[in-house]
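Take a look at the following structure, please.
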Amino acid sequence: MEFTSTVTEKKQVVPKKKYSPVREFWVNFKHQKTAFFASMFILLLIIIAIIGPSIAPYDPYKPDYDATLQGPSSEHILGTDEYGRDIFSRILVGTRITLSVSTSSVLLGAIVGTVLGIMSGYFGGWLDRIIMRSSDVMFAFPDLLLAIAIVAVLGPGLNNVIIAVSVFSVPSFARLVRGSTLEAKENTFVEAAKSMGAPHKRIMFKHIFPETVSSLIVFVTMRIGTAIIAASSLSFLGLGASPETPDWGAMLSMGRDYLGTASHVVMMPGIAIFLTVLAFNLVGDGLRDVLDPKTKNE
Amino acid sequence: MSEKLLQVEQLQTEFTKDKQKIRILHGVNFHINKGEVIGLVGESGCGKSLTSLSIMGLFKGTSGEITGGHIRFNGQDITSLNVNEMRKMRGKQIAMIFQEPMTSLNPVMKIGEQLMEPIRIHLNLNKKQAKEHAISMLKKVGIARPDEVINEYPHQLSGGMRQRVMIAMAMSCNPNLLIADEPTTALDVTIQAQILELMKQLQQQEDMSILLITHDLGIVAEMCDRVVVMYAGRVVEEANVFDLFEEPKHPYTRGLIGSVPKIGDKRDKLDSIKGNVPDPSDMPIGCKFAPRCTQVMPICLEAEPTSIMLENDRLCSCWLYDHERGEMHV
Amino acid sequence: MFQYILKRIIEMIPLLLVVSILTFLFIHMIPGDPARLVAGKDATLEDVNRVSIELGLDQPIWKQYVTFMGNLFKGDLGTSLKTGLPVSNMFADRFMPSIYLTLLSMGWALVIGLIIGTLSAVFKNKWPDHLGMVTAVSGISLPGFWLGLILIQIFSVQLGWFPTGGAEGWKSYVLPSITLGAGIMSMLARFTRSSLLETLKADFIRTGRAKGLKESSVLTKHALRNSLIPVVTIAGLQFGFLLGGSVVVETVFSFPGMGRLLIDSIAFRDYPVIQSALLLFSIEFILVNLIVDILYSTLNPKIQYE
């Protein structure tokens, strides 16, 4: 008996109910209970960032020398700082600073990094080499040190913090996007678009960019946590927000001296930073599990 | 009748997914005699690999568990053994080789080190003796310059050589039973023949039994004494290899054999079996093969057939052979 | 193997050169005349000119770079504007405490991170996993300066177990290294877990079990050995995080190291010190990555022979 072939191995195809991508994402994301809860917290923070100044019970800037360094009470639920300013009001108002500084620096870094990454991956060749070698050079400076150096050059202040944090985000985004671009380039529809003579710009942004979006969303969320810590570290070091600004990092920095006597001055803004960063990290983990199953952490 | 080495009786194995138990094996029955080579065939997803993992007790890291039936090895029920007793059995009495020789060896460990592991655990040899034994095993499986190979890493060996190493490792403690799960699927055709030849030769030398899991009927015809055909987690036919190819009884077996072209065949198309293996969570009632069967009868859709003993000690689960309730159509 | 290391070292040279050029240019990127910055706000024009010649700022820029590099190789890092001391002298007694601090932090972070990550992977979806991963995600989300302040408050102020600052004796290293290592430990724990879970699915793990190995040897001899490769790589990449974090932690604990010197120098606009400190930090980082690369190649037999 002679045989030359084998039984065909068949894969079973189970038809699944089809949802739109957004709907499917939502259904899956809701199953991630921790991440869902954390995203609700972030939503709350965004609302506070918008309406914070109008719901703050006290003027966050106005000193009250009769009520300095008071512990939490019914009057000041999170206590007061060394100038008698209400810490709760300052945290509420500071939410806007924290969110806008971190989000804008990450988005700025993401935009520049994405453009560089797509070009690098799409065109390859010398452009790729230049962009990747430059990001190698930037990686040679540790993140926070690079930010410190930039602020040292530009001078302290929140705007410069945004620039510094976005600069050190650029190479990470460029690498990430370059990777997904190289993958997307292999897709048949990209080949097809190319063979039909579509202009490069169109292929890059109509065909390749959408392929990178899901990993970008995950990475942006994760980086916001990093950016909040970096920005508040710079403020803590006296390189960011000026001391009177109700920035969480700056509040902490000011409160250091009263650690032994009035620890709530340090505790409260610290808890605010911790919870916010934690929320972004948890949402990032959840998004990754839903959107980026390749890197799934199980 | 010859002595039974392994008896699988009414074996049921289940997985848990999303807190739901899904039964994959539904009462699998077969046995292996001493010195016999049994082929276990079927399409992917029919439960043939799971049967072998159940025998080995290799469920760690999965949700799989045996929920019914017995597996007797030399008369002893090994499903009732505890983890440690089972572990001492693996690699010593029952050894296994796998489909992917590329990934079945640890990439960061030297060949010698990996070979010596079972030798040292099961045979209580010291390092030097174990090393000698490892080298002699490599020689036995036909690896040239074995004393150099033991100091190499898997990525330095070819696929065929790696499978030889796997065989050497499996054979190192003189097992009574070797389970080979698609041992040659990932290899080139010429290498396939060499590996099969080696297995056959070692089997005869050591008077060992082999459970050969494959979907390649050519290999079955070449290697096996008896064949067990599985479909959807059940044994549908069992016969000695000559009877099976001469006159397959079960329509599924006929489909399998029909889908293999024979030399000199003038047909343009293969009679492949239409349709797909049913989803384990959504099984038809009645005979599981009925939806794909060309000889389906009303009863097939209502009740599951039981195993019927036919001439020459062969078994077949099909209503066609039940003279009371089914009809003869052959 | 030796060739591989040599190749890596040679590949590193252009990067070092670019980094040196960038740090050299750093002082020139600051808006305004560097000589004026150096001479101080109240300096007269004469003073500024004198400083300009003293620092060689009147020379063409490439010549300045050559001088800068020449001095660098002689170990001359310039003179501090604030103290008037050679920068290399200022670094001398601050360099080693910082190195000890980062190594201590990395050491405990690696050990504990590996343990937590391994336990989490082994007890996947059971309580040790949940506990480990809650600890890890919290550790990543904790700002270092805040953690440091809390530790000072509890262990120095209230319990009096450790000093609040300084670098005298092993006790003064405990709290700073806990603070500095917490983030890395958490990252490594998460990474170890996912890497180990991935490895545990590999075919050779099944082979190990089929051989009759004990589960503990499957885990340590086969799974961990494979997972260690990516974990060590990540640890090396995260070293930069440690160097950046050390600036913050040294400030919190008034620790006399390089990081705090950098921050103090920024406050005083002591540019020669800032410049040299940045250069030193990035060289340190590049060297660590080189070491990790070499370590990686010894751990991974595939690279060894290529």
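By written order: A, B and C. Residues from 1 in each chain.
Going forward, contacts are C-beta pairs under 8 Å (C-beta built on N, C-alpha and C of every residue); 3 or more make two chains touch, one makes a residue touch a chain.
The chain list, named the UniProt way, goes like this: A = Glutathione transport system permease protein GsiD; B = ABC transporter ATP-binding protein; C = Glutathione transport system permease protein GsiC.
Keep in mind that this is a model prediction, so the values were computed, not measured.
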| item | value |
| --- | --- |
| Chain whose Cα centroid lies at the greatest distance from that of chain C | B |
| Pair of chains ranked first by number of touching C-beta pairs | A-C |
| Between chain B and chain A, distance of the C-alpha-averaged centres to the nearest whole Å | 51 |
| Between chain C and chain A, distance of the C-alpha-averaged centres to the nearest whole Å | 22 |
| Touching two or more other chains - residues of chain B | none |
| Chain C residues counted as touching two or more neighbouring chains | none |
| Of all residues in chain B, those that touch chain C in their complex | 56, 58, 60-61, 87-92, 95-96, 98, 100, 103-109, 117-118, 121-122, 153, 155-156, 166, 169-170 |
| Chain A contact footprint on chain C (complex, rising order) | 15, 18-19, 22, 26, 29-31, 124, 137-138, 140-146, 149-150, 152-153, 157, 190, 193-194, 197, 239-245, 247-248, 251-252, 262-263, 266-267, 274, 278, 281-282, 285-286 |
| Complex interface listing, chain A residues touching chain C | 136-137, 139-145, 147-149, 151-153, 225, 229, 232-233, 236-239, 249, 252-253, 256, 259-260, 263, 266-267, 270, 273-274, 277-278, 281-282, 285, 297-298 |
| Interface residues, chain C side, partner chain B - complex | 200-215, 217, 221-222, 225-226, 229, 299-302, 305 |
